[in-house]
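Letters A, B and C mark the chains in the order given here, with residues in each chain numbered from 1 onward.
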Amino acid sequence: MNADNFSVQIKDLDLNFGAVKVLRGLNLDINNGEFIVLLGSSGCGKSTLLNCIAGLLEPSDGQVWIGGKNVTWDEPSQRGIGMVFQSYALYPQMTVRGNLSFGLKNARIPRDEIERRVARAAGILQIEPLLDRKPAALSGGQRQRVAIGRALVRDVDVFLFDEPLSNLDAKLRADLRVEIKRLHTQLNNTMIYVTHDQVEAMTLADRIAIMKGGKVMQYSTPDEIYNRPQNKYVADFIGSPSMNFVEGTIKGGKFTAPGLALDLKGYDFVGGKATDGAAVIGIRPEHVVTGELVSGAPFQTDVTVDIVEPMGSDTLVWADLGGAPFRIRMDGQARVHRGETMRVGLEPARASLFDVKTEERL
Amino acid sequence: MANASTNIAAAGPRGPKPRRAISGRNIMIYGTLGLVALYYALPLYVMIVTSLKGMPEVRLGHIFAPPVEITFQPWVKAWAQACTGLNCDGLSRGFWNSVRILIPSVVISIAVASVNGYALVNWKFKGSETFFTILIFGSFIPYQVMLYPIVILLREMGIYGTLGGLVMVHTIFGMPILTLLFRNYFTSVPEELFKAARVDGAGFWGIYFRIMLPMSMPIFVVAIILQVTGIWNDFLFGVVFTKPDLYPMTVQLNNIVNSVQGVKEYNVNMAATMITGLVPLTVYFISGKLFVRGIAAGAVKG
Amino acid sequence: MSAVRRRPKLLRNLNAKFAAMPMILTTLVVFVGGTIWTVVYSFTNSKLLPRLNFVGFAQYERLWNTGRWETSIHNLLLYGVFALVFTITIGFLLAVLLDQKIRFEDAFRTILLYPFALSFIVTGLVWQWLLNPNLGIQNAVRSLGWESFSFDPLYTPKIVMFGILIGGLWQGTGFIMCVMLAGLRGVDEEIWKASRVDGIPAWKTYIFVVIPMMRPVFITSLVLVASGIIKLYDLVVAMTSGGPGGSSEVPAKYVYDYMFTAQNLGQGLAASTMMLASVIIILIPWAYLEFGGRKRG
């Protein structure tokens, strides 16, 4: 009830570009100090939503609240936010120091205060030696650090990140990801982070909002999203390699499909108990039990190995289950060969069941 | 608009910030642009209205007033009767001269430059880049520096003062910009395509006609727009390299309007000016963004 | 390898060399050869026909002692400075106005650019008519009641170059506006977003961020306008024919007149060599900036 508990609140936000509805009746509550990741494939509206929060795009309807204040009509600079962009968007003709202090000078903040803030940001981000260089003389990772610094000196409670690591190579991305996480624990302010990379989302977020078609499909902790996806879209989107789906029917607490007959005892139904009818079961490749552990699994069956993809740390096996391809993730040292028959075990408690029509979790 | 999921009464600002359509900023922007547009459009307007007035009305001096009585007589006179020197068969002579200059010049200059650009991109040979660099820098040399040597060259070839000579001059001076245009375009064609065609056994001309040419229609249109307006508007080459009965339209127009003999017929002059401007204006208004693309290509140095 | 006899070097890639022949001939014969010819013959006393009778710098001495040439240079400088400053400034300001996500952008652009499609002769004749003292703008304003209004540049030697400038600007600013607009559109959208988050007003962003970023566009525009100014000829011929009393003469016209009508070839060639020199003076710093910048970037 009290708006002050929330750092950022999105209320019934709509945004249309002409006839195209980019955001539809979107609601999102973000607590103080939370790290929120907006995750989705391109065109899902995640960057649009971030731009609306920043005030860079005007919503067609609805409100944005930041720090208990309705900022829907406020300029970006008045909203108490700092923002980091994918292309870094550093002012190319200014030094790093110039980039960090330009906005502050413009806001007529006293010179010694500017110096103090720049020094603090440079210290936190370890960019002191770069202060007198121009962006062109910096590496991608250094540029992104300066871009974060520009948000940092604004002394604000909310940080917005718009795919900040997408322009970096894989190794640098992993390094900077850890730095951003460290920054969050150090500053403890609210961070809203847009990405299409599920690893970034899972590792950074306190809560993830998975978006599709301008709507939030699920908004909860990484753990919840991974283990209890609310719908088939989320289940399919999260996890790599992605979840196996098998269509079948539930009858009398049992799920049956070609090659499968699972007793659903131990499955945590949303409604408390099973309802009979058509359903889809989703099983993550890494939740398929193989080797000696199979004997402990509630359901066991034989599958034929079709393709083996060794990846070093694990091995991905494409098998045939009841005439359909089925992915199994095994240990990297597992030795399996094409054409072999392999015994696997499934645990209904770790599976997810979805309604065939609504695709919602059962 | 109360929504069940919203637990706080949605008070205060929501949706887009209301803006007055007539804000100070808008008045400034549209006002300035409107005035500027007026300044730019005015000469065309004056040209048209003057050309539709009779001389008595022109002498009244209401240059901005629309014609009281519309007459097409000035247009007829400009086209068929206006005098240059002893000839009094109007601008039509210059018009047809310009057409006869334009068509071969456009075709030949574009053919030469497109093949040249293609050779520069896909069939580099030793020195090809050097020649191209000289070509581009050469385009900055004032024409006056090269006028007389070309006169000698054409005279030696026996085509000085002929249409053929002028076509050659247009081909030469159109080459830098057109070659640049085609070279930049062909560079953007994936090299794999060229390699695949070579593996399939196609040669220099085979690849040009069967692959490059069909893929490059847009850039050919841009080149045509550029050349049609450029060659039609040329004055200097026309006056230097042709003889009076072959003068292109611009030269004849200038001779008609700026002749010192006789009474000045401003309405006929404006009709003549308008007729001369019609070809490039038509190309401009029809081609729209392609025209912009053509001149932008000229602005971006390779 | 040894079994296959390769064709002699010169005959390899023959089709391409054949296709590039017009370019090779143009650069060697016309651009390089023609320029050298002009420079060499500018040191001769050729009259009606070129003759290799060297007279040292005599043609240049005569050139710089000729009042008409001095007027031409003075006029070109005057016209050049104003044309450069106004074309670039107005072109940029108009581009900024068009870049404000306005409605009817295409219509405005079409109107501002159409003069560029017209020839200098047409441009010159229209403005000659508009600036006609008895029937043009001056008369129109006087007939509104402002009897003492005076605006007669084409017949006033002191300001005749400004009359020509009006026509030149009308024809050329739209083009530079288009070049600038392309430059503005090339600025990363996120730079603008960043400056809004920083709370920087738009005009400050233009001055401190966007204009410095557009340096190459400004240099390109400068070179384009400058090389156009040196060629200034058709417009003068159409508007004033060099008058009144030779007060709007320009170098390009001087060259033409001496070469083709005054039958003093050596003088015309010396004048055209001076034009070449001025282009080189513009071109060298530009080439230095352009290619020096590329190495750094």
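Just so it is clear, a contact is a pair of C-beta atoms (placed from the backbone, for glycine too) under 8 Å apart; a residue touches a chain by one contact, two chains touch by 3 or more.
Here the structure is a predicted model, which means the values were calculated and not measured.
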Where subunit B and subunit C overlap in contact partners, by chain label = A
Centre-to-centre on C-alpha atoms, which chain is most distant from subunit C?
-> A
With contacts defined as at the top, give the pair, A-C or A-B, that has more of them.
-> A-C
Let me have the rounded angstrom distance from the C-alpha centre of subunit B over to the C-alpha centre of subunit C, please.
-> 16
Subunit A to subunit C, mean C-alpha position gap in Å, rounds to 56
How many Å are there between the centre of subunit A and the centre of subunit B, using C-alpha atoms for each centre?
-> 54
Subunit A partner, complex, touching residues on subunit B are 1, 3, 5-8, 10-17
Per the touch rule, the subunit C residues reaching subunit B in their complex are 12-13, 15-17, 19-20, 22-24, 26-27, 29-35, 37-38, 41, 50, 94, 97-98, 100, 102, 106, 108-122, 125-130, 132, 134-137, 139-140, 143, 170, 174-175, 178-179, 182, 220-221, 223-224, 227, 230-231, 233-234, 237-238, 241, 251-252, 255-256, 259-260, 265, 268-269, 271-273, 275-276, 279, 283, 287, 290
For subunit C, which residues are in contact with subunit A within the complex?
-> 188, 190-191, 193-201, 204, 208-209, 212-213, 297
Subunit C touches which residues of subunit A in the complex?
-> 51, 54-56, 75-78, 81-83, 85-94, 102-103, 106-107, 136, 150, 154, 162
Where on subunit B does subunit C make contact in their complex?
-> 29-30, 32-33, 36-37, 39-44, 46-47, 50, 58-59, 61-64, 112, 115-116, 118-120, 123-125, 128, 131-132, 134-135, 137-138, 140-150, 152-153, 171-172, 175, 179, 203-205, 229, 232-236, 240, 250-251, 253-254, 257-258, 266, 269-270, 273, 276-277, 280-281, 283-285, 288, 291-292, 295-296, 299-301
